[in-house]
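The next part holds the structures, each set out as structure tokens.
Both of the next two complexes hold subunit A, though its partner changes from subunit B to subunit C.
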Partner chain A sequence: MIEQVAQMARRSILQTLRQPALVIPPILFPLMLMAVNVGGLDAATNLPGFPADTYLDFAIAVPFLQGSLFAMINAGSSLARDVETGFIRRLAMTPMQRAALLVGNLSGVLVVALGSSLIYLGVGFAAGMDFPAGVLGVPALLALAMLIVLGFASLGAFVGLRSGSGEAVQGFFPLFFVALFLSSMSLPRNLIEQDWFRTIATYNPVSYLIEGIRSFIVYGWDGEALALGFGFATLLAAVGVTGAALALRTRLVRT
Partner chain B sequence: MSRFRDVAFAVWWRTIHNFTTNPSFLLPSIIFPLFFFTAFAGGLSSVGNVPGFDFPSGYTAFQFVFVLLQASAFGGVFTGFGIAADFENGFARRLLLGAPNRTAILAGYALAALTRAVIIGSLLFVVALITGMKVTGDGVDLSGLIGLALLVSLTATLFAAGVAFRARTIQAGPAMQMPVFLILFLAPVFVPLDLVAGWVHAVAKVNPFTIIVETGRDLIAGTNPHFLLAAAVALGLIALFMLWAVRGLRRAEAAG
Partner chain C sequence: MDQASNGIEVEGLVREFKGGIRAVDGIDLEVRPGEIHAFLGPNGAGKSTTVLILTTLLPPTAGTARVAGFDIVREGAKVRGSIGAALQEAALDPLLTGREHMRLQTALQGVPKADRRRRGDELLERVGLMDAADRKVRGYSGGMKRRLDLALALVHGPRILFLDEPTTGLDPQSRADMWDEVARLARDDGVTVFLTTQYLEEADVLAERIAIIDHGHIVARGTPESLKAEIGRPTLEVTPANPVERDAVENVVARFGTPVTASPGVAAVRLRGGAEELAGIVRALDAEGLAMCDFQLHAPTLDDVFLAKTGRKLTEEDEQVGEAPEEEEAVAA
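Right, the complex of A and B next:
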């Protein structure tokens, strides 16, 4: 089983690394958007009650979420392509276990996402980001970031396996992009003036994922933010992995 | 002249027909500007309370102008996507063969982009007014804002058309989209130029889109707009990209 997972993970990593279009945008696009927002919204730090000294500290959490959305597309598209090209049907004729395909694919996506996350952190530190959580905060932040990636990537895998269409996976991207924008991405929830927007952001789980990552950078160790962040990320991952496993059961049928 | 008009009209009609009858073209063009308007004007409205932020029409109108100009620009980019797709499926080559005046093809696409900008802009205006946007400028000011939006649409269309005529593949989409995205977002998007910080401020000061978006905001607020300067910048860009697009068209003709 471990050998099978390793083989599938290696395949997933190589598939991603061999296509610059799958590697460069997930790194560059979130950083570029963050750089623009840091300059454009720096004045927001002058609002009474704004929790960070610089907008960089506040906004650096967002690339982690955007990177997760790209991981979702990569995981889903790759499995959809495997369905489209008949790879999964051929796999059904081998002793490969179903779980190995899914775990291998998701592991590959996680390895690539870990690389992106380290780059986001490196850029943040290079730009002068505060990090009150200290040295232990770095692995904890990465753990939360990877749990979030697992959640989104497994949702992508579910859609890819269920639909067997790369277009369907791409079609889900705007939906999650909207969820990201309708969250506490740009301002803390207590500073969102419009009631309807604050209500949506409060019910939007993406807010708690961002706030979990942000807490390491802005507050240090914030128990409530971390509990909510890890809690929602675990729930997302559980739903995604269960859905993907069920979808794979109907896709990879041995007769 | 009638040949030019006939070709331009035919290309305009086909492009607008495709745009209005295919939900996969129409819906994103409508939903994305409305979404950005909602996300920026709704989610960031407290930014209007930042010390030094002094805009008489309020934050909704402040963001409306940016979203209107952004939608106009992206309508032009999507028209470029359509040109590239027409080359990929072979339609554009047949069009080049059949059209007695090929510059009219470019004119047709540009007219279609302007029509798109009018449709999307009207819808945005209606939604913004329903959600309580304050307009303190008068009718002349609003006409100026609409004029600026149309000039932005034409500029983006000519730029994207130049790329599409040269690449002749939809894979060139990022080459049309990214420069426009960068020009738009490296301007004062969320706050006035004086409150933009760091390197973005330095870039925004020399970004030609800055004078256009700031004049648009002055127009909606009715506060001392530098309309002629903004229109001159837009017309200069149009002249530049007209040359770019026509040369691209000649390259497409030469490629056969």
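Right, the complex of A and C next:
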């Protein structure tokens, strides 16, 4: 099983690295969007109650979420392509365990996403980001980021396996992008003036994922933010992995 | 495992899809160990569905089948361990190279780590892809993809090989290369080959025995020769040296069989007997003083067999249903 997972993960990494469109945008776009926001919204730090000294500290959490959305596309598109090309049937003909396909694919996506996350962190540190959580906070932040990636990637895998269509996976992306914007991405929830927006952001689980990552950078170790962040990320991953496993069971039929 | 278990036995196999569509409707089959068995039929006849069932990728609705001595429903893993398959579309990852495909397939098939590279290279060499081994598959031609697909099906040394329309869409040279390799596998390695095709020539050239399937039913089976002999009487076409003597020539040859439609200026007759009547026909024409410039004897073809068994020509059917949904879509439904 480990050998099978390793082979499938290797394939997933190769697939991603050989498509520049799947490597460069997940790194560049979130950082560019962050740079624009940091440049344009820095005055927000003057608002009474704003939790960070610089907007960079506040906004650096967002690229991690955007990167996980790109991971969702990568995971889903890859599995949809396997269905479309019939490659999944080739795999079904081998003694490979069904789970190895999914675990291998998600492992490969996680490795690539980890690389992106390290770049986001590196850029943040290079730009003068505070990090009150200290050295131990780095692996903890990365652990939360990878759990979020696992959640979104497994949702992408679910859609890819269920639909067998790369287009369907791509169509899924805007839905989550909207969810990202309707969260506490740009402002703390308590400083959002519009009631409807604050209400949506409060009920939007994406807010708690962002706030979990943000807490390492803004507060250090914030138990409540981390509990909510890890909690929602675990729930998302559990739902995504279960859905993807069920979709794989339906798709990869063999007697 | 002895040689006798390298065959396929199918009894009353049925596969029904949503809406009550029976893609496979109670077929019986016996494929003997070491033979090349062709499964001939037009698009949508049930060929691919049968292959999916026999390769354990689709459970049957009813009936039983044993492949390599194992029950396809109860012993799926053992069946898969004994067979190789190249399904209808070459199922390859466009982003991987040929060598990477071999590496992945040998690993997943459990080939010992130390042997993987050698086994992969050996098969790439055999199918003539060593020069392209490190190129990504998306740059391969259709023939190269088919050959890689075949090589991947062979990594674990299967005793039975399923080839689902292996030459569809290939140019004549690639098709001939594929035929050579399939024939070699059966002849030299003793691999049993179950081959589906819609090409009459392919079945005729390669197969020791043929089963013809139409609308989910097997309508004929036997060796190519026996099938042709069963329905077939040869047709003789005679072209007189002087075109005005065409009717006179037809009157003479009509004594030996039934006149059939022919090109202008040509007299044609389906002979009552076989080629042994030719000498008598030549003597009769000579006795009437009729000179000939061409004299052709046409043996019956598998298309004639299909026509006799189904009432239509396979080639016409293929053209008519060429745009019909693939069986793959029926499976997904």
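Basically, the second predicted complex is superposed on the first by the 254 of 255 C-alpha atoms of A that agree within 3 Å, B and C clash if a C-alpha of one lies under 4 Å from a C-alpha of the other, contacts with A are read in each partner's own complex, and residues count from 1 in each chain.
As a working rule, contacts are C-beta pairs under 8 Å (C-beta built on N, C-alpha and C of every residue); 3 or more make two chains touch, one makes a residue touch a chain.
Values in this document were obtained by computation on a predicted structure and should not be read as measured data.
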Open item on the list: Contacts for A:W196 in the overlay, against subunit B (first) and subunit C (second): which applies, first, second, both or neither?
Closed with: first
- [ ] Kindly classify A:R18 by the partners it touches after superposition: subunit B alone (first), subunit C alone (second), both, or neither?
- [x] second
- [ ] In the overlay, answer first, second, both or neither for which of subunit B and subunit C A:P95 touches.
- [x] second
Open item on the list: One more residue to check, A:Q4. First (subunit B), second (subunit C), both or neither?
Closed with: second
Open item on the list: Tell me the contact category for A:G164 with respect to subunit B and subunit C: first, second, both or neither.
Closed with: second
TODO: Check the residue A:G40 against both partner chains and state whether it touches subunit B (first), subunit C (second), both, or neither.
DONE: first
- [ ] Could you please specify the touching residues of subunit A with respect to subunit B in the complex?
- [x] 32-33, 35-44, 46-47, 55, 174, 178, 181-182, 185-187, 191-194, 196-197, 201
- [ ] Can you check the complex and tell me which residues of subunit A touch subunit C?
- [x] 3-4, 7, 11, 14-15, 18-19, 81-82, 85-96, 164, 253-255
TODO: Would you pull the subunit C residues touching subunit A in the complex into a rising list?
DONE: 55-59, 72-74, 76-77, 79-81, 83-85, 87-89, 91-96, 100, 103-105, 107-110, 136, 152, 328, 332
TODO: Would you pull the subunit B residues touching subunit A in the complex into a rising list?
DONE: 28, 35, 38-39, 42-47, 49-53, 182, 185-186, 188-191, 195-201, 204
